[in-house]
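Shared chain: chain A. Partners: chain B in the first complex, chain C in the second.
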Partner chain A sequence: MTVSVSQLTKRIANREIITDISFTWHPGEITGLVGRNGAGKTTLFRTMMMQYIPDSGTIQVDQQPISQNTDFAQHIFFVDSQDNFFSSSPLTTIVDWYTLVYPAFAAADFWSTIQHFAIPESSRWSSLSKGQQATILMALALASHVPYIILDEPFAGLDVIAREEVTKMIIDAAADHHTAFLISSHDLEELDGISDRVLILKDHRIMHDYQLESLREEARKIQVVFRHNQVPPLVKKEGTLIRVTGQVLEIVFMHYTEAVDAALTAAQPVFSEELPLTLTDIFRTTAVHDTDYLMGKEEILHEPAQS
Partner chain B sequence: MQNPRSLAYYERLALKVKDQVLSGIWTVGDKLPSVREMAQQERLNPNTVAKAYRQLESDGVIEVRPGKGTFIKNSPPSAPQQTVLWQQLSAWLINAGTAGITRQQIDDYLDTNFSPKEVVHP
Partner chain C sequence: MNQHSLNQLIRRRHRIVLLLAALMIVFFGIMQGTGTVSNFHMRDQEEISRTNYVKHVYPYLSKSEQRAGYKAYINRFKQVRYGSPKTDRMYQDGTFFNYFIFLLTILLGCVMTFWDQISGFNRLLFSSGMSRRRIYLTKLKLYLTVILPAWGINAVITMLFVWFGIPHHYLTIYWVSLLLFIPIYLIQLIAALAAGSLFGMVIGQTLPLVATIGFLGMSAGPAVIQAVQLLHVQKSWSAWLTQPLAAYGTWVGLAILFLALSLYFYPQVSLENSHRYLLFPQLRPIVLIGFTLYVPFVMQNWLFYDYPWLSMILTGGAVFVFLFWYLYRPTFGRRNKAQESETSPSPRQ
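So, the complex of A and B:
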């Protein structure tokens, strides 16, 4: 069973918030959805879940198109963290509602998670801390026993311990039940190790769709100082400058070929060192041409240096 | 781990386990954590851990006993692999010489970074 999103477009107040979004979400796959603020992440989720009616495009679960009338609660779980009915509801009310809506919802699983985290059963949503609310959203998602779970900013506002707990729950569900996750987050460090794949949403579109393990094999991040700041043409062409510290350039090569390697060696840089490539670096690579990034320093790479 | 290269995470984990075997943290017959436990410890995707375990199994470092778990295996020396490694070392030494690394520097590096028992990885 797969979830296929094809050519999904949503306009709000005549502005396209998501444009021509297509991807296939596979069973057991942990997919990160990253993008800068306002890129359209939450709108994508809401449109996928038919909270917004798409202007065009379809979502199919197992080749069956879903519509506003489709009940897909047995397949996909999503809680809108910004806009839900919880306010001051007691947990028991929230559980009753999920039991009604999600056919496989196991209330016992929910309460045992809650107990594990020492959250009182009599709590009301609004009286809980951010960390506790995040735990409850995860507990609801996992207790619903669906194969696909969407998490919208599950780490936002959490301290490091709470973030680790959420990550732990995601890893457990993926390992034990082969649950697939689609996780939007600005916490790229948290997504880095756990994601099979990352979709990068930019200007309302999916600009990149990376299988992270393959990318890590192909890509390289090099810290380098060139003589007289002379950057070899092939390095300019194939590399993306993500950071400049004095003379030191940090360059990411998405496809590090032998030719690039030869060009780097031939330039006899004053200093050159390979560094581990993180998801943060990959994300920076996609954002360097944003107007608020690097403040024009990329000219070093894109215009010939004078010496 | 010393190697900062952008390795795939499954490869990095496989290297780490090999390194731990060489430095005696794991010995033959020890049971490795399950994929789920290792994923928790390393905060990695379970698919990545499973891939690392498959790699370790095909490299003869671990064996899977169905229903019992994954265990460190007595890995016999592999002649073909050794041949490849010697060739790589010769090539590396030639390049090192060209780049001006001296014999003394290599000896010092080995003495500083490797214990006598732990031959392959610091």
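So, the complex of A and C:
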């Protein structure tokens, strides 16, 4: 069973918030959705869940298009962490609602998770801390026993321990139940540790779709100091400068070829070292055209640095 | 999710509102019954003496009434006529029609659609896989299964108070006209619920919703009077409305209109416009033009008694300017933040 999003477009107030979004989401796959604020991540989730009526495009579960009339609640779970309706509802009421909407919802699993995190069963949503609320959302998602779970900023506002707990819950669900996750987060470090794949949303479109494992085989992050700051033309062409510290450049090559390697060696840099490539680096590489991520790229790529 | 689960979900969500509504409707029945009985008994204290009758009433009576005498006059004065077809606007004369229940039903219609919209509960409902049309019809059915029987209990309570509280020789019940008009009371309530639900699904802010319905409700009477004057209706329109056929036609028509509009709009509710005045931005020109014409039409010469056209033009201009600002929020060159998308509430990095 797969979920396919095809050419999904949503306009709000005469502006396209998501444009022509297409991707396929496979069972058991943990997919990170990365993009800057306003890129359209939440709108994508809300449109996928029919909270927003799409202007065009389709969402299919197992090649069956979902619409207002399709019972897709048994396949996909999404709770809007930014704007939900729990207000001051008691947890028992919230569980009642979800039991009715999600046919496979296991209330016992939910209460067991809550107990594990020492959250009182009699609590009301509004009386819980941010971390506890995030745990409740995770517990609801996992208790729904659906094959696809969408999480919007699940790590926002959580302390280190809570993050680890949430991460563990995601990994366990993916491993034990083959649950697929689509997770948007600004916490790229957390996403980096759990994602199999990452979709990069930019200018309201999916600009890149990376399988992290194969990307890490193909891409490299090099820290280098060039002699007289002379950057070889092939390095300028193929690399993306993500950070400059004095004369030390951090360059990401999305396709690290033998030719690039030869060019780097031929340049006889003063210092050169490969660093582990993180999701943050990938995001910086793809978001480099945005002004606050420029970091002097033009200088390096268009004219040799003088010093 | 199936229909049964949807019924349960909506019932659990709205049960407190519905329970309170049912209690209020029943309470109104008690109020109406006790009110009618106490009004009757107050007439004992207001009963005119024979001397005063001869002095102040007799000269002004018709010949036949004069012939009938003092006792017949007192009898007629104290007589309670229940459901009389001769009573003006008997379909809302205080027998089974209760203005509070009518208003309460409009309010319940608003709550039915508006509450889930503003609280965000529609996020769960719309993600459930049930069509919006089905969600609306399920809510409508649930509300009607509470309101209509509650109204029935209300009517029975009122009737019991009247039946046991008023001596039968002072009580005339016009059963035929009462039974004939009972369906109209029910259709009125359906129309009121549908109208309320339509407002609740189109308007997305609490205070403006109350203000809009309040203004339209208060101005409806003057608007009809203005329309009657404008159209030079010779015969009393209210008398015309007391005819069962006309009453049926009017209220069935209104109920169908409001239900059809609700069923047209509800499937188009998309949550991106939540918390804005209009959940359907495409209605802005219609609302703007509608109110710009309607308000001066209702207000007429309220500014300058002798110059109605001047008053209407100024009123219309003011309404247009206010609504244009309110609906479109023009910023004249600056970026319109009010109309920005709600993609993410967090600040830019």
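The rule is simple: the second predicted complex is superposed on the first by the 298 of 307 C-alpha atoms of A that agree within 3 Å, B and C clash if a C-alpha of one lies under 4 Å from a C-alpha of the other, contacts with A are read in each partner's own complex, and residues count from 1 in each chain.
The rule is short, and it goes like this: a residue touches a chain if its C-beta (ideal position, glycine included) is under 8 Å from a C-beta of that chain, and two chains touch if they have at least 3 such contacts.
The structure displayed is predicted, hence computed values, not measured ones.
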Key: Partner chain(s) touched by A:Pro90 [first = chain B, second = chain C, both, neither]   = neither
Task = Spot which of chain B and chain C makes contact with more residues of chain A, would you?
result = C
Inquiry  = Touch test for A:Lys221: chain B only (first), chain C only (second), both, or neither?
reply    = first
Ask   = Just chain B (first), just chain C (second), both, or neither: which does A:Ser195 touch?
value = first
Message = Taking the superposition on A as described, I'd like to know which of chain B and chain C A:Glu213 touches: first, second, both or neither.
response = first
Inquiry  = Quick check on the superposed pair: does A:Pro276 touch chain B, chain C, both, or neither? Answer first, second, both or neither.
reply    = first
Message = Looking at the complex, which residues from chain A come into contact with chain C?
response = 10, 12-13, 15, 17, 36-43, 46, 49-53, 66, 68-74, 78, 80, 82-85, 87, 93, 96-97, 100-103, 186, 292
Query = Considering the complex alone, what residue numbers of chain B touch chain A?
reply = 4-11, 35-36, 39-40, 42-48, 51
Request  = Sort out for me which residues of chain A touch chain B in the complex.
outcome  = 28, 30, 164, 167-168, 171-172, 174-176, 193-196, 212-214, 216-217, 219-221, 273-277
For the chain C and chain A complex, residues of the former touching the latter = 1-2, 5-6, 8-9, 12-13, 116, 119-124, 126-133, 267-268, 270-272, 281, 339-349
